[in-house]
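Below: one structure in structure tokens.
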Amino acid sequence: MNRLFPLALLAGLVVLPLGLGTNPYLLNALIVTGILTIGAMSLNLLLGFTGQLSLGHIAFFGIGAYVSALTSLGFDVDLGFGLRAVHEPWPAWGGFLLATVAAGGCGYLIGRLSFRVRGAYFVIVTISFAEVVRLVALNWVELTQGPLALTNIPAITLGLPGLGIWTLKTKLQNYYLVLTVGTLCYGVIARLVGGRFGRAMRGLKENESLALSVGINATRTLTVAAVISAAMAGAAGSLYAHYLRIIDPDVFLFATTVTMVIMVVAGGKGTLMGPVVGGLIFGLLPVALRPVMAPEAQWIVYGLVLIVILFVMPRGIVPGLSALLSRRQARPAPVLEVNPAVQR
Amino acid sequence: MSAILSVEHVGVRFGGLVAIADLHFDVQAGEIVSLIGPNGAGKTTAFNVMTGFLKPNQGDVRFRGTSLRDLPPHAITRLGLARTFQRTSVFPDDTVFDNVMIGLHQMGAALDRVPVFDALLGRSGAGERQLRARAEALLDWVGLAARAHEKASSLAYGEQRLVGVALALATEPAMLLLDEPVSGMNASETRVFVRLIRQIRERGVTILLVEHDMPMVMEVSDRIVVLNYGRLIAEGPPDRIRTDPAVIEAYLGQGSAARQAAAAVQEAAHA
Amino acid sequence: MNELIQHLVNALILGGTYALLGIGLTLIFGIMNVVNFTHGALYTVGAYVMYLAVAALGLNFFLALPVAILGGLLLGAAIELVLLRPFRGSDIDTTMLVMIGAGIILQSGTLWTFGGVAKAIPSPFPEAPLQIGLVSVSWLRLFVLGAALTLIALTYALINRTKLGLAMRAAFQDSDTAALMGVDVRRIYTATFALGSSLAAAAGALLGPVYVVFPQMGGLAELKAFAIVILGGLGNVTGAAIGGFILALAEEFGAGYVSSGYRDAMGFLIIIAVLLYRPTGLFAKAERIG
């Protein structure tokens, strides 16, 4: 994939609604796909670039959604011990900012806690965290309405001095909002990954001992990655809350993390475009499958596709296709024997 | 001369097994010192203690007067003590050039003050150019310039050792610990490497190496420290070590591989 | 006081099945280095086989239990042969993702086949509970505890008293060395995965009649199994057995004295507490250096 591909894709996404007209069903699918793709990009920062498989990523997304919703709806909660927490409604963009910060803060705490352990332990800690957060959302009824859901969440309002104020109520407006945030996140990740911080992450992923020996601080690097990743997921969750205008504890479903993981792995973990390509494919696949099969059957297809991709293109679609393209352009490079002692 | 590194009565146990017992020696600034001994003598364990990868059960290591006891590996590197690894000396999925760029992490730290924000704001352009120039110079110096854009894991084993050395040098160390640097190298590569070690020393870097290649050790070292079963059994210049009865006994007492090494000691003695 | 004893009895009964779940998962991790994300789905399948056998086919309750366990055994063997064997030598993340895919397929398959409505498995035990003093226990739950303890004992005997168990222990220590010593590691892996799966199915078949059977029941069971395995140390069979009872105790008392809504959060709070206070104590193996 060369440098032009991301720009071409962006241009295509900008003009896409013109071609679609105002088909609300497709536009809705694109918006939800875009939000999940932002989640997938943020997950890729951890899973792809640092090699830490976080299966609790949905927690940050859901925290973003709830924080944003509660900030813009306001609440009045009895904390016990005679303490009350009362919050007057803020404008929705304030909720968006606070959601990003709060999710980033949770990323910091989880990072500090769980980067003491790696591998399978890390995976299970992150899942556990997501499950605890889901149970809190389900049971703290006074704050979250529990299974009854938070409703009437206001749409995001944008104001520019001198130009007026828009409330982003239509699908088309939300589409461009999601596209803007997604592009920003892509740019931030590209900048981070391309520089010194990205090299530190790659070093830790490829050979942790060696990375430590050249002075890379593992805990700090991984924690910073977790904070940025969580903040982006929180931003995506906030967009989700203000678009759907209703949030219930099902936002924390493990299945959504799995969807993001499939997007990243299928697209190509550790590549910039991988989660975008994977996100578009797996976000829109339900649209293609809906007329032909039941939702349960769709999930069966998802599972099969995940396994087949791991088998056929273990590095994902984007690296797989790049390799194919460059092989067609250049003569095949000689396959070099790798000393077995060097492999881990 | 003053001691740049002091290993002070270090002891390491794994469960009931004593890997190192009361190890005590100094390395003077500007020296090339070799740490030798039969397999399992505790050499790599000693390296891991000196570089913070392993916490000793007793004793301490001081580097330029600072106790390393409670420091993590990356902090020890920042003090100016760098190391190479015996087996995995590269970042396998990156090019040789990018390997060195990762190794220049600390130099990058000196160049940009707030790394994450500088990266986001795109302020690191000048710093990046300096880093790239430095990486090219380092690769040139270890003789890998022609290999810069190949994937590190595709290099021959001996060349990977050189990448490891370039990575360690990228941290601008005052002292370098080399763990079996010439294993996997052929005779001519080893000769080139010996020259490289001397050049590194001429730049003012103190060197401590663990090595099995006896002729190479005898040729390059100012002083040799011999370990056996985790204990120091001899210490001195190569000429004395060659004829030290305890050293010969230690090598002869082992299996056939060790006997070959002992023969190599003898051979080197007559060379 | 009576309330306390009642909670203890409940915890003991629940702990038996939790231990089964945990032992199955930890065996597979310890020997194969695979984090089994089909464990919850296999638990669900065990419950549904039990339901099919008893409610649909009219099979005797006590005969249906071994059928469900056999079902888990066969399904586990099939998963290992079809999905894990081709990925042997891949890193742990890859096999984890393959297992996630397989788990999705199994869970959605169950939902597709049986629908989302919860099913009840009729039990042959009398409705009236056994009353000892002021503590009451249903006969069904007593049977569940007895069956779980029997299965745990059988698993221990299999691991410690048979040739297969010896080979499994050898593979646990070091699969390469085991292979050099003539152990057919591939067969051991299939056997291990089948055994672990049958234990998950057994747990499902035992708890299915106590509660109700529904396609998503495995999700929470799987998360609990992870908690149990972390508590006991990854790969530690006795640790998992003890961990199962600790989790059950924490849930019973958490639900009884704190808040029933957070019953299912106890396991995760325990994990987080363990990691806060004893992170290094959990490592099965030291990190490799150099």
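Miscellaneous remarks
First chain written, first letter: the chains are A, B and C, and each begins at residue 1.
As a working rule, a residue touches a chain if its C-beta (ideal position, glycine included) is under 8 Å from a C-beta of that chain, and two chains touch if they have at least 3 such contacts.
Computed from a prediction, not measured in an experiment: that's the story for all the values here.
Located most centrally within the structure is A, per distance between chain CA means and the overall CA mean. Of all the chains, the one whose CA centre sits at the greatest distance from that of subunit C is B.
Centre-to-centre, using mean CA coordinates, subunit A is 31 Å away from subunit C.
Work out the mean CA point of subunit A and of subunit B, and you get 42 Å between them. Each chain gets a centre from the mean of its Cα atoms; for subunit B and subunit C, those two points are 48 Å apart.
Residues of subunit C in contact with two or more other chains: 289-290.
In subunit B, the residues that touch at least two other chains are 53, 85, 87-88. Listed for subunit A are residues 209, each touching two or more other chains. Of all residues in subunit C, those touching subunit A in their complex are 29, 35, 83, 86-87, 90, 92-94, 96-98, 100-105, 107-109, 111-112, 219, 223, 226-227, 229-230, 234, 259, 261-262, 264-265, 267-269, 271-272, 275-276, 279-280, 282-283, 289-290. The touching residues of subunit A, counted against subunit B in their complex, run 188, 191-192, 194-197, 199-200, 202-203, 206-207, 209-218, 224, 228, 336, 338-339, 341-344. Contact residues on subunit B toward subunit A in their complex (touch as defined above): 51, 53, 72-74, 77-78, 82-85, 87-94, 98, 101-103, 105-106, 108-109, 112, 115-116, 118-120, 122, 124, 128, 131, 153-154, 156-157, 160, 164, 167-168, 170-171, 184. Within the complex, the subunit A residues that touch subunit C are 51, 53, 113-114, 116-117, 119-121, 123-125, 127-129, 131-132, 135-136, 138-139, 209, 254-255, 258, 261, 265, 294, 296-297, 299-300, 302-304, 306-307, 310-311, 314.
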